[in-house]
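Chain IDs A, B, C and D follow the sequence of writing; residue 1 opens each chain.
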Amino acid sequence: MRLGVIGLGRIGTIHAENIMKLDDVELYAISDVREDHLKKMAERFNVARAYVDPYELIEDQKVDAVLVCSSTDTHADLVVACAKAKKHVFCEKPLSLILEDVNKMIEEAKKNKVILFVGFNRRFDRNFRKVKEAVEKGTIGEPHILRITSRDPEPPPIDYIRVSGGIFLDMTIHDFDMARYVMGEEVEEVFSTGSVLIDKEIGMVGDVDTTVVVLRFKSGALGVIDNSRKAIYGYDQRLEVFGTRGKISVDNVRESTVVFTDEHGDRGSRYLYFFLERYKEAYLEELKAFVDSVRNNKPPAVSGEDGKMALLLGYAAKKSMEEKRPVRLEEVML
Amino acid sequence: MRLGVIGLGRIGTIHAENIMKLDDVELYAISDVREDHLKKMAERFNVARAYVDPYELIEDQKVDAVLVCSSTDTHADLVVACAKAKKHVFCEKPLSLILEDVNKMIEEAKKNKVILFVGFNRRFDRNFRKVKEAVEKGTIGEPHILRITSRDPEPPPIDYIRVSGGIFLDMTIHDFDMARYVMGEEVEEVFSTGSVLIDKEIGMVGDVDTTVVVLRFKSGALGVIDNSRKAIYGYDQRLEVFGTRGKISVDNVRESTVVFTDEHGDRGSRYLYFFLERYKEAYLEELKAFVDSVRNNKPPAVSGEDGKMALLLGYAAKKSMEEKRPVRLEEVML
Amino acid sequence: MRLGVIGLGRIGTIHAENIMKLDDVELYAISDVREDHLKKMAERFNVARAYVDPYELIEDQKVDAVLVCSSTDTHADLVVACAKAKKHVFCEKPLSLILEDVNKMIEEAKKNKVILFVGFNRRFDRNFRKVKEAVEKGTIGEPHILRITSRDPEPPPIDYIRVSGGIFLDMTIHDFDMARYVMGEEVEEVFSTGSVLIDKEIGMVGDVDTTVVVLRFKSGALGVIDNSRKAIYGYDQRLEVFGTRGKISVDNVRESTVVFTDEHGDRGSRYLYFFLERYKEAYLEELKAFVDSVRNNKPPAVSGEDGKMALLLGYAAKKSMEEKRPVRLEEVML
Amino acid sequence: MRLGVIGLGRIGTIHAENIMKLDDVELYAISDVREDHLKKMAERFNVARAYVDPYELIEDQKVDAVLVCSSTDTHADLVVACAKAKKHVFCEKPLSLILEDVNKMIEEAKKNKVILFVGFNRRFDRNFRKVKEAVEKGTIGEPHILRITSRDPEPPPIDYIRVSGGIFLDMTIHDFDMARYVMGEEVEEVFSTGSVLIDKEIGMVGDVDTTVVVLRFKSGALGVIDNSRKAIYGYDQRLEVFGTRGKISVDNVRESTVVFTDEHGDRGSRYLYFFLERYKEAYLEELKAFVDSVRNNKPPAVSGEDGKMALLLGYAAKKSMEEKRPVRLEEVML
């Protein structure tokens, strides 16, 4: 299978590296608007084709499937182009910040019978997957309460935040997808509130840096997400599902199992600080899942619909914070 | 110091037992409306005076201070009577379900210069106290997010729930007090939502059994409380405060430190199942604090105002769930 | 039941305090050679009889059972006197440092049909008891390896060490009893080695402060004990039994469940520093067990034979270190 | 750098895979006596040269360095041949079971100025390395007690055990190296004892399956190693160093951070079952260290002398068990 990667930023490069690790899969073509960077990458991965223009990559007959890892605002056109060119496509999250575009992407993919796979990498983390499986198997009985804590070590640059669509579409969107994934049911209503506690500048561009979101699922189960843009101890990714037969939880991943004990007590290892450390393995598993979908023509593990639902939850959270009231999902659907 | 205990139910009996453990404090008088039970208790604790009528106990010249542990609806009249009789008074939570009554209790205590001490026992748990101290000392920097999980092993009898004032006034009220205690600041706004997932009967009497409450503090810090009336694994009491310099958390208390490991992994000990096991030590510390206030004429560790604020938060949560919107605390103040 | 306590040092006082907590048991008489101290204690516990001469206490017709908590060198004569006076007796560990004396104590107790109960308090710790029960039930299958770590926060005064009989008879003797208790079988052979690493003075009085002991049980199972006289982080009492179906372990007991997390990782609570904190509950359970034996004429939970076996293991360890070779238990039996 | 691998069994294959992962290093040649297997591997890794005769690989001018991963009895001749051919050499543990051979290997390497690197992979595990660094930095003060627990999930085939040189040279040898590595000092005296508790057949070929070894270091510090050939819960690799300023310990590595809690308590994830899972990362780090030594002509992280000392400790342990007495290291030196 010949893969093409569009956009060799931080994430695109990870996918490229992971492609090199897989057998029977070739990193055949890459594309990046930054010509020098493209050259460097072409050498590093020693690929046959390097295109400044992503559409040339998409049109390349030899390319079987494309990974779209460029900036969010370019996703829609590129994914649509891939679909029209009958190329299976993996698209980084979020599909787009504009619902109409997402609908178009889904339609085109369907019409052209290509796989549209959305890059919600956390679903492929072994820990979260175990929780999903346990909930599915009924290990905890009927789920009643979901708790997600998701905190970043550092806020992104202010210029990134300005175009990010806000914390709910940029950061919480991962947690919205995780909530649907783990609970295996849809959200009916969203309430959210937020504050600017870390950096006034974030407030000045109209965003918040600390939030709490409450989810009401169709079954009546309740969910809570708390986010912060800055956790001094590093990447904080915890989850708990509480149900009629018990609770199941995922703790953070530590650097080591070393514990030092002195008169002040025990000191455990620090957390993996950065999401690329934390989800290194998950990114590879994600790629394998995409390749598996393409090769065996399986429905994608994370579909366009999944991408759309996460976006809608982001819309609802945004509206809820603006209007200071719970918002039902229908209110933000087209 | 001669103490009198009114109401020798589950909690009143614990206080009586704890009084026996303290030096220089005498369980001088008890009162209970159930005459036989009163007799039994009088023998068991071998007290000088046993009154069916609590007002006789209050009027007893020899009594220095009174613990009011009877049913909530009797608190107001008894506390007011104690105040008028110039008796310092410890009152179990909640002071009352009626705000006017609480105001009267506070006024009378003030007017008669007696101590009014409210029985929020959890403040005296060594774990929560350590968190309070750490937050006060600035160990975690400026607090941004508070998370409280509080789940009971079993719902109370439906007849109790019917008169309980609802989950927010009966159960969450502990968490409201804990939130104010740990954060050291006041709540500005409350949002709550709830479901009936455990027992339909609870719904039929107009209550819920599973809730999530979001608190917005004056500083902009956010708090989340989740409650369930039934956790199969036992009493679940966890708390975390996240701030600019780190997070501090309290985990549940286990029966032992024994871990068994087999091919399925590690198995730790079960949690203390019941609140009387979990807070055994806290109840004694609470009593010591009351005795200390009386003896050294110190302001109470938990004041009437604290009891009132917790009630107001309960009102706000109730109103928020009914009106499906966040409620500002002013809205429920008189 | 009327109890008499001989020797109101640290341990004797704990037993006296615990007697006060039990129903239907009276602290009737106490004895201590320090007249002033005896007076103070008599007031504090407000006992009917206070004897400078312990034999007067033993002869007191009203006394049903005696707790011997005086210095080790007095144990033998006092226990023998108790037995002859037909008084059930609880004796602190070690029964004696002299095997002949121990034999005499056991004989006299048997001859006079009185209970001789030895104060190995750790057997009554809920954690270790759970391990014992699990091993007995076969939870871990057939036991193969026992690991005991036992370290004190501080060495005792050098004058105490001088008369202590050495670390194996003073400190390790607890672990020897624990090993027999948990494994439920006898030791066949002992190897030990030790060093002076903490305080040269300890070496100058002919003792060591850091030791490792290897036990070979009759079944072929192996045990390891490591001891240190000084653990900066406080009292360290861990145990693990490894068997064909898994392992079961006891960790130390911490002051709280509070964990603080910052950029350096997690920080758990310190350990209970002092054995009286660590075994507070165990001492009470131990007393209850003694009272239960006396009241219901049950064989003692820790018998004179148990006390003798622990002493023999101490002898064997001492001999092994001196002769630099493993020593079979027969070699130290009379 | 062009590398050759001799012996493509389980370990040799891991090294070959890891070579593929490194930049600027080429898996140039491989050798295996099993012709078919060799062919398969040659294709799989698509190497330029595949030799049935390892000496042809050693003589190949293009090969810069050799990894000797064949059976232990072949190590000596192959390493000596590598040295004479001026090839740097990585040799799997143990260098040899025969001390004279080890001496010859070390001499030849020295004489021909080639690097001799011994494959004690555990030194490259991030957890153990952190402990080593902490001890070196004095974090725990002066080390007093070392505890190593090392248990395998399954015994090897009996035919392997028959030629393995016994548990001390086959299994404990890793722990001997770890002990020297972590403590940073030499062992003076060894005492060991063992039992046959898992499989009688192991006894019938003259070996034991359960052992305890006591180490006395030159400083007087004491070490304890316990080994079992069969831990039902999987690979058990723990270590603790106790010193004047605290203790530092390494726990096992778990499959996930997921914890399930029900009425029986918490259930953590199972351990990594197999040493290849547990030390996956360590093997790669080990290879990098070897490549680094060769490229930058650095002394090897694990030298021939290290390999020799571990062997001597194995000899001493063997002799100690046979003669039922502690054995000083000089007694087994030539």
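Operating definition for what follows: a residue touches a chain if its C-beta (ideal position, glycine included) is under 8 Å from a C-beta of that chain, and two chains touch if they have at least 3 such contacts.
The structure presented is a predicted model; accordingly, all values stated were derived computationally and were not measured.
Among the remaining chains, those touching chain C as well as chain D are A, B.
More C-beta pairs in contact connect the chains of A-D than those of the other pair, out of A-C and A-D.
For chain A, the chain whose average C-alpha position is most distant is C.
Centre to centre, using the average C-alpha position, chain A and chain C are separated by 59 Å.
Chain A and chain B have CA centres that are 42 Å apart. Between the Cα centres of chain A and chain D there is a gap of 41 Å. In chain B, 232-233, 245-247, 255, 261-263, 269 are the positions where the chain touches two or more neighbouring chains simultaneously. By the touch criterion stated above, chain A contacts chain D in their complex at residues 126-127, 130-131, 134, 139-140, 245-253, 255-263, 269. Partner chain B is touched in their complex by these residues of chain A: 141-142, 144-145, 147, 149, 151, 191, 193-198, 210-212, 214, 216, 219-224, 226, 228, 230-233, 236, 242, 244-247, 324-326. The residues of chain C lying in touch with chain A in their complex are 232-234, 254-255, 261-271.
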